[in-house]
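Below are two complexes that have subunit A in common, paired first with subunit B and then with subunit C.
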Partner chain A sequence: MDVKQQVLAFFGSKGGIPGATEEDRLKCEYLDTRVIDSMGIVAMVLEFEATFGIRFSPAEMQSMEFRTVGGLISLIERMRKEQARG
Partner chain B sequence: MAELAPELVVLPAAGRWILYNVAARSSLGVETSGLELLGGIASFPESELVLRHGQDPFRVWEIAWFANEDGLMADPTPFRRTPAEWPDAEEVTGVALLERFRKHRLVIDDSDAYRRSLGPKTSVLDFEHLGNFHQRLGQHLMLMRRLSPESWWLTQKFTDDLTEVKGNLYGAVQAAFLKEYLPKKFGPGMRVIDLGCGPGYFTDLIARTGADTLGLDPNVAYLDVARHRSGGARFEEADIGRPGALDRFPAGQADAVFMSDAMLFYFVPISPRQSTDIRALFADIRRLLKPGGLFISMEPHYLFWLLPWLGDPEHPFTILSEYRQKYFAVTTSLSNYIKSFVNNGFSIIGMEELEPSPALKERDLRAWGFAREFPLWHVVEARKEA
Partner chain C sequence: MNAIEWLKHLPQTYGERPFLIDAMTGRTMTFSDIDHAGRHAAGYFRGRGLTRGDRVAFILHNSSLFAELYFGCLYGGCIAVPINPTLTRKEVQLLLEHSHASLVVVSAETFGHLDPAWLSAHGDRVVLLADGRSGAIPTGFPVLDAPTLSASEPVLPFDGVGPDDTMCIVYTSGTTARPVGVVHRIADLIDNARVFSHRVGLGPNNRFLGILAMTYLGGYYNLLMLPYVAGSSVVLTDTFHASSIIDFWRIPREHGVDTLWLVPTICSILMEMDRGREGESYCRSSVRTVLAGTAPLPVKLRRDFEARYGVRILENYGLSETTFITTNAPTLPDLDGCVGRLLPGVQVTILDAGGAPVPYGEEGEIHVCTPFLMKGSLDPETGALVEREMQEWFPTGDIGILMQTGDLFITGRKKDLIIRGGINISPAAVENLLHQHAAVVECAVVGIPHPMYGEDVAAVVRLREGSDANRVMQELSGLCKAGLAPEKRPARLLELEEFPKSATGKIQKRRVREILMMRLGLEEIPLHHRPREKAPMASRGALPGRVRRAITRPDARVVEILRQFSPSIISDCMNRMGIMHADIRLMGSGARCCGPAVTVEEAEGCNLMSHIALEVVQRGDVLVIDAKGIRSRAAWGGVQTLMAEKLGLAGIVINGMVRDLDEIRKRKVPVFALGTSPGGPLKGWGGNVNSPVSCGGVAVNPGDIISGDEDGIVVVPAAMAESLIPLCERRVKLEAEWIQRVERGEGTMDAVGLREMADNIGIQYE
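Entry: the complex of A and B
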């Protein structure tokens, strides 16, 4: 599975992402729409870091990108590319 | 128009300067040239400052840190105090330094937006608002340290196996005080309930006075630790604060109820799910106590806890920036605290403010100096009224 599929599968396992279209689902702010709660953030971060071999920096977690499903996918994809470049 | 934040304070730091926004709890380290640039905001249009100094070189230090990293009672000063502790300097232009001033809310453009930014966080991913201490701590632990706040709250106070209080302020002030205080209050022939006993450390101290002691707590894991103690106390699970949760315990059974580091959560909840019905809490305590029974409440000092430790250990000072309408500190005013007893059927018969043990002076001179001048816990004794 690619990053997008794995991230969507993660949120799917939490009850699914609200939205009629994929575009809506990618725009979803997963915390504000209660797909996961504040306590679930730690598990989410740890799971994505372990799955993708990345480490979110404080600045990355403070970005607007981090707050949406689509933003998170883009961020992880970019982090993996940067990591691959060394 | 750019202006200096109204709560800006400048502190000397061995030839450099700490710029500290007391309200936003933000800070930055600069040299005198940086301080002069900041001062220029009050005297010149920003465009003129940029024209004169925009490309000048400045050195700046990011000195802010999460002050309670080492515990709830650790030094809460939200910046690295001395240049020896500061990170490496960053070389920036005047334009970039002005942006740093904005980022750290030392310079503001819109006072209404600035005031709003001091409000509560909307979620753990909200970095725009200051949030109260609980929110900032939760955000720091979960996102920066990947820790569960629940486990951290205990390990910051107790050793890893939860059997002993750590040798920090909990040990040197709170536990040291209670080891002398509890035998004066409790003894053989008395029945005492420790409400919210956690892993049972203080319950054990009470039991060792010879009192028949019962510890109650909602957390089963803590109770497992508590039950391994040898002082002779009994422990039972009880969802304290939930109406009806203590109904199964007989009324009028206790000579005294003890509660430590817990009432503050009834004034400012730690999470939206938490019960905060303080009337229900006091009704339970009254029901459990015999006529004339004693309720002892020990709390982090509602005035001084979480204030920055400034000055030197012999002459400490602090800056009080909130009291009645607290937006950061998670305690209420002393009068609200006292009223909670008086309005719920208790008479206050005593109050003490804890002093640090002399041993703390050897281990942590600054903590000792501050705790000696500005008490970090208080204990209130109240008698159940007829």
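Entry: the complex of A and C
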């Protein structure tokens, strides 16, 4: 599974993301729409870090990108590329 | 001052100081503002036809308007019934029916929690609060917004409302399937908050972070009413949720928060997710107090948090039914696993399995006798109030150890309850739901260890033979999702073919938990901690105290000479220093008193040490009692005054209340105090005799000379006493001259020699 599939699968396991189309779902601000709770975000961060071998910095977690499902996918993909470049 | 008087004095005392800073809207409310808002909100409720004792249910998220409505209830004598908006429709409906709420306040966000059938029958009770949060406001119901509130005719606060009136009904998960409606008087919460904040040292300089849900006692009591009672301020935020973690320290930093009240889950989430150094440096530079409660705080987590953020966590312990029982304080020893020392007036006894008291340092079930005990609880079926006696021993269901010092350790739990992230969950409620499925023959719900929640919910079921296990398990998950708030849903749902049972056929939950942990590969997380050493056995009751029998008294000749001078003359000769504040007034006879101080320090609300001091005093002494300014009960009475007279004491000075005024007036010994109260003193706690005390705003050491009359009290430090004599003699002569000159017809400006002073100051006459 690629990053997008993994991220969507994670949210699927938490009850799914609201939105009629995939585009809507990728725009979903999952932190504010309470798709996940306070423990959900801990689980999410720990799971993505373990799965993709990355570690979110405070700036990355506070970015606007981190707040939407689509943004999160882009962020993880970029972090993985940067890591691959060393 | 009783609870109502205390509440009335707060806006008068702290008027324009900020009380509530709404970080979500930027709105700041001072103590005066919330007082005015409360009057208007009370007026709104009255306009809706509500009267004293009517119940108002709130299904709301945090907002400053919600806070205004809480004050409106309090001021108008209505009973607040907070209902958590994370509950399912079914759970909400149950509570609405059970509480018989006359009015139900919801918001655009929480409106959907009302069951359509209930709504069609009781829609006239519903009001929509325009709290400025997200969501379109549904039509067809009255909208309550800020302009409507401020346009409501204000009412006089507490008109016909007393301390024993009911303040709120809080639903909590007990061990029964249905939530328990805990009923609290105004005095329970307000007096407990006063004692708690006094013990911890909370006051006008504390600024709290209001991060817990205002529909829980944590958000309503710990983080709204308690800071108000302490004269502190609160920065109100949304309930701690996923978004708060990402940028946790921004709001505290922006608003100067210096007091945090955390639940263990927040502590552990911060340890994992707070990855910058900002929080550490902010805490080290600006946070003065961190309090923690609502669930057991593992010792390792506490120590790790303290090491990282550089601030001590003060644990406390209480139940919805009892309010706070103990707290740690900066002045108390920092003991691993200790949830604090008993609050003044609160008694604990530890009983063994047979119900017999155990010695200090031994383990057993914690029973509490507290003046802050709930008024009662609502009958789970009928909703009728079942009152409790205040002097009743309340079984907490927790296992613990009480040390002779009054320090309490929680070592386990007897009651069948799960505490997940500070929220109580009744296993019976979850079991009842699972039993609704026809394929479930037996089930058991237990708490399993969770690294951040402390405990999580796990369920095991035995299914009817021939059931399609996969399908049933999916249906059970659906049932839980529909019928239980998210935090109550089992995180693990497993099938068990054979349940461990006792000889009487009862499911052994401890064994079920062990089996579950083994199957899930979980390890025990130590939540509780025992005290390091066993305390020696000692008589039950009193906290330790110290009595110094021998003190150095001033020369009797010096005392005799000073007795000739009034406190005013003496104070004038001490640069007008040493004066106790004017609240300490003469209660009994008008005689002047002068004598060496024997000092007494009492625990709040007690007077054991004063009785002990009466065995230590000598003829001519003045007993100076620091009763901690407690106004809810007397620290001195008629019998003690009789004893003081028999012993030849020169006077009694109390930073507290007296009773039996008739008796006191009959005696020659003058008694000075803050006022009178019929409330009797407690005896169960220690204190000190002949240690330095603070009384009426002045430090008093044993052996200092106390001079008092109808004008008030002056304290003369022993070392200064003799040198005052010539000054006082001169002063008396001088005043005699002034009197003669005024009698001869001179004005006071010339007689007292003030004309030159007025010229020097440059007073201009027009």
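Everything that follows uses one rule, which is that the second predicted complex is superposed on the first by the 86 of 86 C-alpha atoms of A that agree within 3 Å, B and C clash if a C-alpha of one lies under 4 Å from a C-alpha of the other, contacts with A are read in each partner's own complex, and residues count from 1 in each chain.
We adopt the following convention: contacts are C-beta pairs under 8 Å (C-beta built on N, C-alpha and C of every residue); 3 or more make two chains touch, one makes a residue touch a chain.
Everything quoted here is computed from the prediction, not taken from an experiment.
Of subunit B and subunit C, which one touches more residues of subunit A?
The partner making contact with more of subunit A's residues is C.
With the two structures laid over each other on chain A, which partner does A:32 touch: subunit B (first), subunit C (second), both, or neither?
both
Look at A:5 in the shared chain and tell me whether it touches subunit B only, subunit C only, both, or neither; answer first, second, both or neither.
neither
If you stack the two complexes on chain A, which partner ends up touching A:66: first (subunit B), second (subunit C), both, or neither?
Both: A:66 reaches subunit B and subunit C.
Of the two partner chains, subunit B (first) and subunit C (second), which one does A:42 touch, if any: first, second, both, or neither?
Both: A:42 reaches subunit B and subunit C.
Pick one for A:83: touches subunit B only (first), subunit C only (second), both, or neither.
neither
Which subunit A residues are contacted by subunit C in one complex and by subunit B in the other?
In subunit A, positions 31-32, 38-39, 41-42, 45-46, 58, 61-62, 66-67 sit in both the subunit B and subunit C interfaces.
If you look only at subunit B, which of its residues touch subunit A in the complex?
122-125, 127, 138, 142-144, 146-148
State the interface residues of subunit C toward subunit A in the complex, per the touch definition above.
Result: residues 240-247, 265-266, 269, 272-276, 278, 421, 452-453, 486 of subunit C touch subunit A.
So in the complex, which bits of subunit A are touching subunit B?
Going by the criterion above, the answer is residues 31-32, 38-39, 41-42, 45-46, 58, 61-62, 66-67.
Would you pull the subunit A residues touching subunit C in the complex into a rising list?
My answer: residues 30-32, 34, 36-42, 45-46, 56-58, 61-62, 66-67.
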